[in-house]
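Every chain is named by a letter (A, B, C and D) in the order it is written, and numbering of its residues begins at 1.
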Amino acid sequence: MKKIAVFTSGGDAPGMNACIRSVVRSALYHELEIYGIKYGYNGMIEGDIYKMKSYSVSNIVQRGGTILKSARSKDFMTKEGRKKAYEQLSSRGIEGLIAIGGDGTFTGANIFFEEYGIPVVGAPGTIDNDLFGSDYTIGFDTAVNTALEAIDKIRDTAMSHDRVFFIEVMGRHSGYIAIQSGIGGGAELVMVPETSTTINEVINALQKGKDAQKTSSIVVVAEGGEEGNAHEIAAKVAPHLPKADIRVSTLGHIQRGGNPTAFDRILASRLGLAAVEGLLNGEKNVMVGIIDKEVVYTNLKIAISKSKPLDQDLIRLVEILSI
Amino acid sequence: MKKIAVFTSGGDAPGMNACIRSVVRSALYHELEIYGIKYGYNGMIEGDIYKMKSYSVSNIVQRGGTILKSARSKDFMTKEGRKKAYEQLSSRGIEGLIAIGGDGTFTGANIFFEEYGIPVVGAPGTIDNDLFGSDYTIGFDTAVNTALEAIDKIRDTAMSHDRVFFIEVMGRHSGYIAIQSGIGGGAELVMVPETSTTINEVINALQKGKDAQKTSSIVVVAEGGEEGNAHEIAAKVAPHLPKADIRVSTLGHIQRGGNPTAFDRILASRLGLAAVEGLLNGEKNVMVGIIDKEVVYTNLKIAISKSKPLDQDLIRLVEILSI
Amino acid sequence: MKKIAVFTSGGDAPGMNACIRSVVRSALYHELEIYGIKYGYNGMIEGDIYKMKSYSVSNIVQRGGTILKSARSKDFMTKEGRKKAYEQLSSRGIEGLIAIGGDGTFTGANIFFEEYGIPVVGAPGTIDNDLFGSDYTIGFDTAVNTALEAIDKIRDTAMSHDRVFFIEVMGRHSGYIAIQSGIGGGAELVMVPETSTTINEVINALQKGKDAQKTSSIVVVAEGGEEGNAHEIAAKVAPHLPKADIRVSTLGHIQRGGNPTAFDRILASRLGLAAVEGLLNGEKNVMVGIIDKEVVYTNLKIAISKSKPLDQDLIRLVEILSI
Amino acid sequence: MKKIAVFTSGGDAPGMNACIRSVVRSALYHELEIYGIKYGYNGMIEGDIYKMKSYSVSNIVQRGGTILKSARSKDFMTKEGRKKAYEQLSSRGIEGLIAIGGDGTFTGANIFFEEYGIPVVGAPGTIDNDLFGSDYTIGFDTAVNTALEAIDKIRDTAMSHDRVFFIEVMGRHSGYIAIQSGIGGGAELVMVPETSTTINEVINALQKGKDAQKTSSIVVVAEGGEEGNAHEIAAKVAPHLPKADIRVSTLGHIQRGGNPTAFDRILASRLGLAAVEGLLNGEKNVMVGIIDKEVVYTNLKIAISKSKPLDQDLIRLVEILSI
């Protein structure tokens, strides 16, 4: 293998740049030519591909976003699109791919591999931490810390006014951000999609806090719950707690940006190197992850079909700590 | 004058604690007894009043929120409520008041002074910076920096995906936070309540950016504009820019909390001292402010009736810098 | 077991408060009485012990430092001191201890257990991450992020002036902070006490960077290396690189403070609960840790005698990424 | 005037990039050609000059450092050097200069103007805030906030261990950073070069704190004081307070980097525009500043010869607030 390419795809996550940097420098260290593909699969189809050098990734380890840009590609879902992509790669002699992204990215990569046989290693980059095959995904730790800093700020105003706050964090199918920012933020309750929490349970938790002389409360809500978004939940709860001064805050897109934390930069750096060395060692259709401190390669089919359960200990922890 | 009291009222703002600390220590320095009233006018009515010492305000200069808590009081709007408040104060021999808050707080303070003659000095504490009589209000600089850090994060993701973002910041009747965070955040356009911006102007600004090869754009929207909130504006703009990938983020209550900036801590400290010394020098019904580096006392009636215009230079600056 | 006590000892670390909170609430959840001992072993000897309630630990999850204060105790190193400490505990009916700290703390706890048999569970709290028996210690992640943010700032000025910076971070016997902040900060070289790095190797690394057209470089130095501190190393290197504009920055005590990161708050919360439940389950002379996501109890004698090696992969990673 | 150039020189300061951006876009707005000179006067001499476009300054408003790099130039202190610089400019038809920097930068600019008559407007960029002719300089607010965040962190550990900390901040001839970070950080004492503070006064201040039951204390020291640096002062104080646990922290170069605050970005943006418009309006040998909200042009000779006194009110404020 002499030429490989790297791209980012799907929702961006802090640390993607640190991963790109690691891929580029690891490739050069192993005397490979390394290409960057811009705008994910769209750029692959359109040939938006350029050769990268060591200095191409100078001074990006600390930056949010992705210098290769990201996109969701409809064209790549078609046979025709993938054929064009293959031609772009083969005309340049690119023999291996490193795809940084999440579920959707890897689904595309898997189909592409099955059709054209170009080896691909995926590196898990998504703030949601919802990928089987790695304890953590790139961007998750940063997103949790961003959510937590926001919760810290909101607690200041909640306490000043004796208010109840419903704070909505990201994670459509995954409660990871919610549970971690909820524990870290000292929330009275955390609502995650993995467990159903009824409105009655919310009311009881808030009532219990009130009975324990708490003057303010925080409920962290993952965006994808059964009872609706934070505004809807608050509206259902309000009539039952007429004395409570209830407010809602949706943290939104700030969770996707910002300088990555140390944890994310190191994870991204390790995964970038392991992705390159995976390709060199003959890995073909896998996602690279770190489980219990060890680098692990998981077949892409398995990575996208299995789900990673939320740690039940953490759910119990919220309950105990909100006493 | 031997005994005075301090309270916070209305929406909380970062730096209120630094101001309370300064009031307490300045009072003790001048050998006054100093009382804290909790929950604003409500606590005044209910006698939630306690004597403060130097150590009562240890280690709070850096904390958001207010240790005296804040509230909006309906009872104080009644003659009866104010009578009770007066009795609570006079039974304790409290001869002067320092009120930290905004417009509503000072309206109440003014009426109370006119009815009962207890001297009061107001210190401007509101993130909106909309008070006549001071260049800056306590909490504004922190709120702007919080908004700006959020915009910086959102820019990361906007650039990665070539998106247009409408970001809504606080300021119902005032564009101060919007204009400053917009300039600092490199926004293409800022919409403030002081100036009407039509949907057509928004479309043109975004189109101009597109023509200049900008791949992503940020529009900062103050919450109280004529064209509605950020979601409504985005919905009106979207049909005219069918190729744009438009997103909305409402920053919300994070702008009210957080550790105050250096600027706010120093402003709050200066105003706290000046409020105490104002009372000692015979000021009676005034707001203390800083204008062009000098301490200024403005009659409360004037402070609440006049408005502070937005600096037109800043509006021009946005336009020039977004070239 | 009905009454237990908690204390912090040795150098403070961000997240100790989150751990205290978790211990207190977990104890109450399990219907134990919980006491706080102030100033570590000194407070134990002098009886500076008070009963804690749920609200005693309100609003501290996010605060650096330790509300129980910490100290190093000479008296506890004497038989007499420990006898007094035992009497203070037994007179109050305290049947179990939770000690939050590092090596020195656990050495004392181990002797005390052997002499008096009061069960003790240690929770690893030190920014150095140098304890056997846990992948991570409370405070380490925060310290790394603090160091990293400092490195990010210094890189701004290093790049503006084409300078070489030697940045000294904490870790007298342990290179954990150095290696992680070095990788995260994109350092050209990291010097850790676990591996000896000669001055020649430093010169070569900087020369290699120069040859690769790098205009600025960062060397991260752990404080306890053979070649001396950062100032001494810089002085040895300077004569060999006469054209280089070399500067030194010692980050110092900022690394011990600050709001804990999400990672540290969650780790501290988990360890606090596991410490309480360890005592209840009959653990007697152990440190609680988390290894590969699982709670593990390690005999204190082993925890203090064995050392945790630095991950060699990370050392290799620095070399590859600085290409 | 059709072609102008901008450069940064001397010590870098956060916000210089925001100022460069504003200069470039303001020039383009006024239909000028705008050139960037790299490495200050060195680049001017060597012809390291390039034409800038609007996109040259995209996405830099939030970055520390300076994309134009900075340097101190010995060659420019010679007649020969300045002659070469003039030839480089005139051969490109550059008719006006904007110099972002401090004292040394403006001294050079003034000589150059006197010799060659090329109009120059200086924009004050230095963290020290020690320039006559502007209330604030670009970078000062950011440096103060960086120092303050460090002090906040150190206070956490000071309080946990009941320690006295001497914290050294930047400002060789100017106590601005010290006084503002000291007030904001709740310091017991601030030592600034403008006022002499004896070791006895330091001892008394710390003793007074001790008598008032303060368990920890912070003394902020500006680097250039008569009694030496923070280590030296601590060594002089220690023998007189044998029970105090004294530590020293020198904040160092972190104060020069980091993302600029809102205040600095807006100040830099305003000054950039005013510098360009100053040139267009015929200003010739001036520094642009903002005094009491108004743009002011001060002759460079005056700007570099007069000094801006430290606000005595702030020194009094420290004393009152540390009661």
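Points worth noting:
Keep this in mind: a residue touches a chain if its C-beta (ideal position, glycine included) is under 8 Å from a C-beta of that chain, and two chains touch if they have at least 3 such contacts.
Composition by chain, UniProt nomenclature: A, B, C, D = ATP-dependent 6-phosphofructokinase.
Note that this is a predicted model, so its numbers are computed, not measured.
Chain centres here are Cα averages; for chain C and chain D they lie 35 Å apart. With centres set at the average Cα position, the gap from chain B to chain D is 28 Å.
Measuring from the averaged C-alpha position of chain A to that of chain D gives a distance of 39 Å. In chain D, 152, 155, 159 are the positions where the chain touches two or more neighbouring chains simultaneously.
Taken as a graph of touching chains, this assembly is arranged as a ring, one closed cycle with exactly two partners per chain. Chain pairs recorded as touching, per the definition above, are A-B, A-C, B-D, C-D. The touching residues of chain B, counted against chain A in their complex, run 8, 12, 14, 16, 63-66, 69-71, 146, 150, 152-157, 159-162, 165, 247, 249-254, 256-258. Chain B makes touch with chain D in their complex at residues 18, 21-22, 25-26, 28-29, 54-55, 58-59, 61-62, 135, 141, 144-145, 148, 152, 155, 159, 180-181, 183-186, 212-214, 259, 261-263, 265-266, 269-270, 273, 292-293, 311, 313-314, 317, 320-323.
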